[in-house]
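Chain IDs A, B, C and D follow the sequence of writing; residue 1 opens each chain.
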Amino acid sequence: MHKSMKTLLIAAASTVAMVATTMAQETPKTVGYIVNYATHEWYQNVIGGMQDRAAELGIELEVIDANLDIAKQVSAAEDFMARNVDVMIITPVNEEGAVPILRRAKAAGVPVVLEGNPVVGMDTLVAICDYDTGYNAGVEAGKWAKENLEGPVRVMNVGLPLLSATVLRSNGFMDGIRTEMPDAELVHDLDGGGNPDRAQEVSAAALAADSDINVIYGINDSSALGGLQAWRAAGLPEDNLLVVGTGGEGLAFLNEMAKDGPLQLEAAMFPEKVGFTSMDAAVAMFNGEDLPEHIVSPTHTLTPETALEFYDFDGESRQINWERVNELEAPDQCMKYASDL
Amino acid sequence: MSVTSDQSPTRQARGLSLGGLLRNEQIFLIILLAVLIVGLSLAAPRFMTAENATAILHQSAMVLIVAVGMTMLLITAEVDISVGASLAFASCVVMDVINTTSSLTLGILAGLAFGGGVGLFNGLVVTRLKVNSLIATIATMMILQGGVFLYTREAVQNHHQIEAFSLIATGYVGPVPVPVIIAALLAVVFYVMLNYTLIGRRVFAVGSNPKAARLSGLSPETIKLVAFVVTGILVGVAATILASLLNAGQPTAGRGFELIVIAAVLLGGTSLFGGKGTIAGTILGVLILKIIDNGIIILRWNQDLQIIVPGVVIILAMFLDQLRKGRTDG
Amino acid sequence: MVEAVRKPAADAAGPIIRMAGVTKTFPGVKALDDVSLDVMAGEVHALLGENGAGKSTLIKILAGAYRMDAGTIELDGTPVSFEAPADALAAGVKVVFQEIALIPEFTVAENIFMENHPRNPAGLVDWRTMRQKAQALFDRAGFALDVDAPVKDLSLSEQQLVEISRALAHDARVVVMDEPTSSLTPGEVEHLFGVIGRLRDMGIGIVYVSHKLEEIFAICDRATVLRDGRWVSTKPVAEHDHHSLIVDMVGREITDLFPKTRHQGGETVVSVKNLSTRNKLADISFDVRAGEVLGFFGLMGAGRTELAKAVVGYDPISAGEISIGGERLRPHNTGRAKALGIGLLSEDRKEEGLMLEADVTRNMTLPSLARFARAGFVDAGAERARAQTFVDRFRIRLASLDQPIRTLSGGNQQKVLLSRWLMYGLKAIVVDEPTRGIDVGAKAEIFAAINELAAGGLAVIMMTSEMPELLNLSDRIAVLAEGRMTALFDRDEATQEKVLNAAIG
Amino acid sequence: MQQSADTAAPAPARKADHRLFRGNLVALVVSLALVIGFFALATEHFWSLRNITNVLGQASILMCLTAGVAIVFISGEVDISVGSLVAAIAIPLIVIMNATGSLALGLGGALALGLLIGVVNGYLSVYLKINSLIVTLGTLFIIRGLVYLYTGKRAIADTVYLESFFQLGNGRLWGLIPYPALVAFALVGGLAVLMTQTRFGRKVYAVGGNAEVARLAGYNVRRIKFTCFVISSLAATVGGILLASRLGSAVHVAGLNYEFQAVAAAVLGGVSLAGGIGGLIGSALGVLILAFVSNGLGMMSAPTEWQLVITGAIIIAAVALDSAKRERA
């Protein structure tokens, strides 16, 4: 899958303005990426995008997995600094816990690109706009609901209060849906832990208490599909239900969309593109370029029809359609940031 | 107080005194359960509905399936911490094998075989290499948590779309969810096995006094090994349900599952030191923990309480157990 | 054999310790009922009684390990209260228990100063001073022990000396010795008596707990006798003879205790050839015939229990072969042994016999369960009925078959365990110290049962350290020393002296 | 001959248990050397002063936790609540520091909470006689839940940026030895002296070796065990403080699963679950072995899954070898 992607990457590269400038300059020898959770599909695709871009540019990419252990993330940064990597890319396990890493990296003179979550004292962050992603999906969901759903909009949010990013998504979704359906009510605001089994369990209990909802929003696909599975396990009818997923990190959403069931909207965030952009930002940092504090990676709300424009899906694997993805425009600024919470 | 005489068919000489009632752990748990149900019904009108009762049973099913095996294992004075990690791995195996073979039967068998295989490995490490089962199964847990990602980098999706597969978790027989029926059947089987059969009696004997059991011609190692394998197979059963429930094999699932299972079994009055335990107690333990879980969500309390309350309940239950023991021992 | 080292009790104004009206009840048992004991400085005071008479309970109260329900303890005429072992130690009372109370991983010196490690000015343990003090103690008491040896490497008698040294290190005024000679060779016993003499010369009061009468006459000044938890008598040993002591202890003549039955040997049932184990036994061979009692005698550590466990397939063997009824015990495990018809009645009921929380029925039917099973299901009715026949046959006293076995007395527990094997039906049984911790009345019943078994054609192998039991019950007597069989006597040719000589090895 | 306080003294002919540095530690030291040697040869970046000192700093937190857990094990009890404790004590530390600007007050607050947790664990286990595995399993849940409740599952940032606090977890002595490593070594060393060279420590070994013997020797067994729980919590608190400094915040998910790692390291270091056996130097070596394995595999770019598999296998192998050795003896 990655090899075929390479050819597409070359075409894609020229469309990114920033890349054009970095290509002309020096590239770092080694880049170290500290991923917070490499066993998650989202990050596997981020790494995939990063690896391919690195290979493209002739950069050696090293990856250390913090495996959700914040202390291990600090250790990984130390290890990279001991190995004299030229640039570090970090997806913080926790925003506050990464502050000393940045201080130490600065002292050691190693530039850092953050991915995903902002940290106090950072230089630059490559991330999607979480609030905007949720908001846009909310607007689409509101439109869909107007046409297809009976009764007032009642939402079950399978959320993750753990991270500000996921809180922004949920808030954005509710704000967005209310632009179309001002009476939309948040019936259940759940902590689904971001993983499918917990999401399923929490949703099942919530649905047993009150199953009078017609929209399930999940802050990632695991949460959305966990909520949907709980709905199914409760034996509820699927004809007056809209499920909105977020992320598009793996195959699960494509699989579900292929069935043309209640999952009608997916706020896709294109992890491959995030990895790609992060690598380019690392190169720019290495060259001492002046980067914006927030480099936005684009997102887009997919429907079962448009999903296949962005991803080729054969039931077993998916391939990103770079041409289509690179047509997307990302805003310079997000509507809301974590600091606005 | 005596091993399983609460269920003994030949129960005779026990007076129904107040002290006797207090000493009977099941009664205590039933009272606790009743208090919970009444309290929650009063506090949240939506608690006492058929839908919610069904949901609670549904949630309890997977825990109970593994908990009955864990009860048997704890009675032999061993423990298995790896069940959560094994659950996740086995659910991936189930889905993968069905995807590959398009056979529901083969997939389920593969799940059971995988769970049983993990149980066999644990059992052999404990009985042959003489590694303390707590340590051995913590290590197995690590190996499985790592191993599952060597097996699959991502969730194993449902590519087979076999209709019957999704019914395992989400189907109903009348008003009763299928997993609840599976769990109930297994609970009955294990109840009968532990109380009325040769193997059940041997399980208790090995846990009560392994040396006496050996001198009586039994092989404690073999019986413990069987208990590990049986627990593992039950993990396979639960994994099949989990894969169906999530419509995918999830390598990240099952975190903390082992602690909930063990907590429920201990709450049910099974001893950590072997020789003592009942399926009825385990059922009550699972229900109590799951009702607490459910109640917290229904009452819209902070979900963080879901990890605090079980902790308090277990310590409290053990404390009351200690008080009762103190009284009988004089 | 034993040198008399008796010396008149030192004249003292009054007793160091006086216990009076001591009463202690355990659930279901009144262990002590109004018992008194006083100990003078420089006397050796025997505390006598059969198993279950209350000796252990009394000295545990004196050690502060148990708290009494009623009664008083006076130290130099002042009432004191022993709430915990620390109080007794502070009062100068040191009990040397039969089960040695040392930490095996610690050195000799550290064990001696366990209560009170010497410290240097920095507050850290002063190992040098500790070793010097220990050495000084040994020099004073005449013990030849290495202060740096870990206790786990010492023999039992050496460990006992460490215990006594602990008492000396504490400037104990009263030393209680609980059956100190039960694990010693005659030479070691003699040495111990020397030590006791020296302690007495130091003005220490000694309570000497034993039921070996010759030792009492050899070293004790006064004797207090307990029976069934009650005080019977306290008088100078000089006023006693064997007969009067026994009468005080047993309360009746005990001639009927050992029914002297002679069994006719039938076919060979158990045949052991060149048996060795890795740790203990070396090259042991013997045969046992149906209907015969083969008694094995040996001192502590001679390998009796090891032999018992090896013969029934419990412990692994390194060489040799065991045949039961002409068939090899192979594979060497208890399952095969049971199938061939041999089983063990263990010396340690609690650790290796009983399922304490389980009821009487379940304890009794453990090996026979398969008999009561149909298609894997246990027929509880048949099981109970069968158990009831044994309860009747051995007159096992219980309230109900559903009673947890831990609530039964030691004798009744032993009868249940014996029934366990009788129910199964063996060709040969190994009984290891069958009367340990059992009261006198029940002892006779156990003996009668063993005789009955042999008369019924069972081959019986009996391990014992009790000389009377050995000489009266056995048809033949084998003697173990240091893991080897050193003698085999016919009943008529065996005497106490011959057996002991063989046991010393 | 028995100059116990002096580790450099020639080994006495007989094995004596109270020496600070015991014979069976040799095996652990050799294992550690083999691990380091292997990775030094197998990977490029492993064998550098910077990396080796890095690992010492990284291992410091688990060293503190493991020291406490080992002491409780030696006393014959179990403490698995330390993973949650690490997250809990960072809260008063950061909150007080933010409010007062004083590191000392923050440390005081952290130690006070650690003390409280130790007292609760000890009281429930020892005085209410509830099995300590259950108690600390319960408090593991409860403390984590309370941390989530209090923080709303959000990390609390250090907003005063005290240099002293930053240096505590991130600085290096002479630019070389990480301060957290120094703190951990001092703690382990101090506790090792406590366990081997003081009356209290010797009593802990006796209590764990045979509680009844210890009781007969006049020890207050309950108080000794209780004290062990308190020490364990305080040692874990020190680890938690170091972690909080390295994270510059009180992170609610800090220390997840550390209890398992600490138990594994202690057992690997020769501490018996049965009590009375093992020591703190051994436990610390156990931590270092696991830390160097983890670092080395990271340097080889081995994925997390392999690290988990290898760690699990090491634990089973170590305990199996140990029990085989004991059986032969």
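We adopt the following convention: contacts are C-beta pairs under 8 Å (C-beta built on N, C-alpha and C of every residue); 3 or more make two chains touch, one makes a residue touch a chain.
Small disclaimer: the values here were computed from a predicted structure and weren't measured.
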(message) Between chain A and chain C, how many steps is the shortest route if every step has to go to a touching chain?
(response) 2
(request) Using the touch definition up top, find the fewest steps from chain B to chain C. (result) 1
(request) Please identify which chain has its centre, taken as the mean of its CA atoms, farthest from the centre of chain A. (result) C
(message) Taking the mean of the C-alpha atoms as each chain's centre, how many Å separate chain A from chain D?
(response) 37
(request) Calculate how many whole Å lie between the centre of chain C and the centre of chain D, each centre taken as the average of the chain's C-alpha atoms. (result) 44
(request) Could you grab the centroid distance between chain B and chain D? Build each centroid from C-alpha atoms only and quote it in angstrom. (result) 32
(request) Could you list which residues of chain B touch at least two other chains? (result) 149
(request) Would you please write down the residue numbers of chain C that are in contact with two or more other chains? (result) none
(request) Note the residues in chain A that touch 2 or more other chains, in rising order. (result) 39, 191
(message) Going by the touch rule stated at the top, which chains touch which?
(response) A-B, A-D, B-C, B-D, C-D
(request) Mind listing the chain B positions that touch chain C in their complex? (result) 1-3, 5, 8-14, 196-199, 201-202, 204-205, 208-209, 211-219, 275-276, 329-330
(request) Can you check the complex and tell me which residues of chain A touch chain B? (result) 39-41, 44, 190-191, 195-197, 200-202, 204-211, 222, 225-226, 229, 232-235, 250-252, 255, 315-316
(message) Quick check on the complex: what are the chain D residues that touch chain B?
(response) 124, 128-131, 133-135, 137-142, 144-146, 148-149, 153, 260, 263-264, 267, 273, 303-313, 315-316, 319-320, 323-324, 327
(message) Show me the residue ranges of chain D that touch chain C in the complex, using the header's touch definition.
(response) 1-5, 12, 14-18, 193, 197-199, 202, 205-206, 209-210, 212-220, 276-277
(request) Spell out the part of chain A that touches chain D in their complex, as residue ranges. (result) 38-39, 62-65, 67-71, 74-76, 78-79, 81-83, 93-100, 103-104, 120, 161-162, 164, 191
